[in-house]
Amino acid sequence: MSLYVTLQEECFEANMLLPEKKLVLYTFGNVSIVDRHKGVVAIKPSGVPYEELRPEDMVIVDMQGHIVLGHMRPSSDTKTHILLYNHFPRIGSIVHTHSTYAAAWAQAMRPIPNLGTTHADHLVSNIPCTGVMTDEMIKGDYETETGNQILEVFKNVSYEEVEMVLVACHGPFTWGKNAQKAIYNSVILEELAKMAYLTLQINPLTPTIKDTLIDKHYQRKHGKNAYYGQSY
Amino acid sequence: MSLYVTLQEECFEANMLLPEKKLVLYTFGNVSIVDRHKGVVAIKPSGVPYEELRPEDMVIVDMQGHIVLGHMRPSSDTKTHILLYNHFPRIGSIVHTHSTYAAAWAQAMRPIPNLGTTHADHLVSNIPCTGVMTDEMIKGDYETETGNQILEVFKNVSYEEVEMVLVACHGPFTWGKNAQKAIYNSVILEELAKMAYLTLQINPLTPTIKDTLIDKHYQRKHGKNAYYGQSY
Amino acid sequence: MSLYVTLQEECFEANMLLPEKKLVLYTFGNVSIVDRHKGVVAIKPSGVPYEELRPEDMVIVDMQGHIVLGHMRPSSDTKTHILLYNHFPRIGSIVHTHSTYAAAWAQAMRPIPNLGTTHADHLVSNIPCTGVMTDEMIKGDYETETGNQILEVFKNVSYEEVEMVLVACHGPFTWGKNAQKAIYNSVILEELAKMAYLTLQINPLTPTIKDTLIDKHYQRKHGKNAYYGQSY
Amino acid sequence: MSLYVTLQEECFEANMLLPEKKLVLYTFGNVSIVDRHKGVVAIKPSGVPYEELRPEDMVIVDMQGHIVLGHMRPSSDTKTHILLYNHFPRIGSIVHTHSTYAAAWAQAMRPIPNLGTTHADHLVSNIPCTGVMTDEMIKGDYETETGNQILEVFKNVSYEEVEMVLVACHGPFTWGKNAQKAIYNSVILEELAKMAYLTLQINPLTPTIKDTLIDKHYQRKHGKNAYYGQSY
């Protein structure tokens, strides 16, 4: 029996949450999970509909993206995932979707502003949007360059405080310490994207919320004196 | 067996209605119920997902917010609930959600105008929105100050006629004589928020409806000569 | 056994379609059915939630709106239904809802323009919106005056060709030869309301469609040489 | 037993996917499948609700649109389907719906611009919209002229690269090598229509995406060196 059966099963179950949470249509989207001890990543195979997916279809690749185990081609976004795992050492899982409202903001090439406490409960800053790639990047190693565009954003932003990003003209990537958190972040991002959209339709001049309020909500949930939740 | 088993069960069942009515995601939102004879409030524990919630997890606090019974930390919004129970003597239950359309209006810092009879069937005025808190209030006893912001609105408004409010930059609170009514008000508020949003998109200059029409609909349902419903 | 058991059952089943078709929340909305031979109308009782509704709760009223049979108060909109049955001799059922998009157009006091063939398949004209009632009408016999506002619209419009109307500041009424058709019209109206809303958001200057196209679609479905469907 | 039993069953199952995918209400929409060896097309009967539909109700017509087998009248759109099969020799199935967002773009008479990679994954160009028919065309052989309007668009566009079109003032048609692909295209079109709508609401000046990016995404999925999916 393979060394990677448990990892494949976890990755399978995580991927199956995407249609359940209504984040994807057909073959859209993918979840990967890293096992840093074994030095491998499990990821959805490319272009397989969720209803046909089986645990053993999950592809195992090494930290350079080479296939270690699997009878199928891995997600075409694999290089983006690998680059992020190599640069974000404390994340355990990455999710990519084309969820409707988040993708609309990505297409509009606009970061999602922090307009309320629902947003501030999850992150301090806006939800950043990458720049548009140059033609050279697109024609070159496209999926690695997608990762590079994301890294560019996180030069000045902590990937542990901001666990989500919009890739301009494309769609969202989220991550977290494990698959459950990375998927949670995709669900939250889609809701924040919808809420910000509606807010700006109601009042196009809505300002971002006060720094004190952002800080209060973020710290009560994530700070060292946090008092939200049970596990602090 | 605890004195509060029935109260915990009622509070549990009320909280479980929030995901069923699609008012919340994950751990968002909370319902509390007051027992004024015993001088206690039952409230959802902080940060526990609905699918893991059990009746015995409901936290019992006294009217100063101190824990009387419970193995978990109560909702981080407990102080807001307590303040409202102490100032609104005839309410029996409070609901807080981040439901999408109501939260969008709260983020836009706009009261929801009374644009039609669906609204007038439930309340005479617009749905008020609090002011934005000062930095001092936010840095101070934040959740109590959230309650104070709500009380400020109800200095000149009857909390028995208007059973809902938007907290600016945050989201809605609703209440009622019992949990069923408080949750009903959250569902209605979300629908009124969506309907008002669409109305102003169709015609940004839509006026609020005539006072005579507001009065007619409100009185036929809630006045002393009410003829809507069966129990008057 | 009552003379009206069958009528009550039909009316009950028709009312239960409203929540199934997602046209109503809680106690909103009502369906009535007329039996012109017996000279009576069956209608939903006022303010009863759908999940508690039973066939024997349907109230039977005569053509003046007086209760003939029933242990509950009839819908507060009964007089509006009665007036329409008395003036529209060939309709068999009336539906009133506060469905979201149709109510938004009613609140915006705008008729829904005929912008495409989905609309033209069902009616030739726009979906009319009544005028706003005077204070005297509102303070007087309000529900009868609601019916009068509708009749005003249909002075120059055929109620058999246009089986739906928006009551300004309120919401939609639809009707048809039987309950199935009246409910069908409520579902279609909600979809036309949403489609017209989106169309005008995409292109605020969208013109109404050509008369020739309206005529073609309406006639191929409803004209004497109709070739849509099986029953012509 | 009929020569066409299998074709009827396939066509029935394909039609039943339309309500399942929430692309249609009541009798709206239709799917046809061509059998080019037998020279026949199976198509939904006109105006029959999906819940009453049975495999044997599917009508078999020849390539001139004459009924070969069937006890019901075929879809009123049959001539449009036939014309497209005769001019698009490598398609196997056609779907017509009035899905909400796609129909709204058709009513707005606007092609759906290519604003992101979700779109570029499926087609290079925008999603074209036909011109508005002249009165003569409408009054003449309307359904054939609808097909002619579509053909006009595809004079300079490959029907194999762009498998979808909006008919102005009406709604979408999609096609594909088989029914599964044609329905897939209807689902994708509806999603692209919604995403483009939201994008332009967020940023009305959103440009179409770079040609290099369109090319990259389209080629990685559909080009001769495609590396998306498993079957290349």
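For clarity, chains are labelled A, B, C and D in written order, and residue numbers in each chain start from 1.
Here, a contact is a pair of C-beta atoms (placed from the backbone, for glycine too) under 8 Å apart; a residue touches a chain by one contact, two chains touch by 3 or more.
What you see is a predicted model, and the numbers here were worked out from it, not measured in a lab.
Could you report, rounded to a multiple of 5°, the rotation needed to superpose subunit B's C-alpha atoms on subunit C?
Fitting subunit B to subunit C on C-alpha positions yields an angle of 90 degrees.
Most remote chain relative to subunit A, going by C-alpha centroids?
Farthest from subunit A by mean C-alpha position: C.
Over half shared or under half: which fits the residue numbers at the contact of copies subunit C and subunit D, same or different?
At the contact between subunit C and subunit D, which are copies of one sequence, the residues are largely different (under half shared).
What whole-Å value do you get for the distance between subunit A and subunit B if each is reduced to the mean of its CA atoms?
Chain centres of subunit A and subunit B, defined by C-alpha means, are spaced 33 Å apart.
Would you kindly tell me how far, in whole Å, the mean C-alpha position of subunit D lies from that of subunit B?
47
Where in subunit C do residues touch two or more other chains at once?
Where subunit C meets two or more other chains at a single residue, that happens at 200-201.
In graph terms, with chains as vertices and touches as edges, which category applies: line, ring, star, complete, or other?
ring
For a test of understanding, state which residues of subunit B touch subunit A in their complex under the given definition.
Where subunit B meets subunit A, its residues are 25-28, 45-48, 72-73, 76, 98, 100-101, 103-110, 132-133, 135, 138-139, 142, 169-171, 197, 200-201.
Give every residue of subunit C touching subunit D within the complex, in rising order.
Result: residues 115-118, 184, 187-188, 191, 194-196, 198-203, 206, 209-210, 212-213, 216, 220, 227-231 of subunit C touch subunit D.
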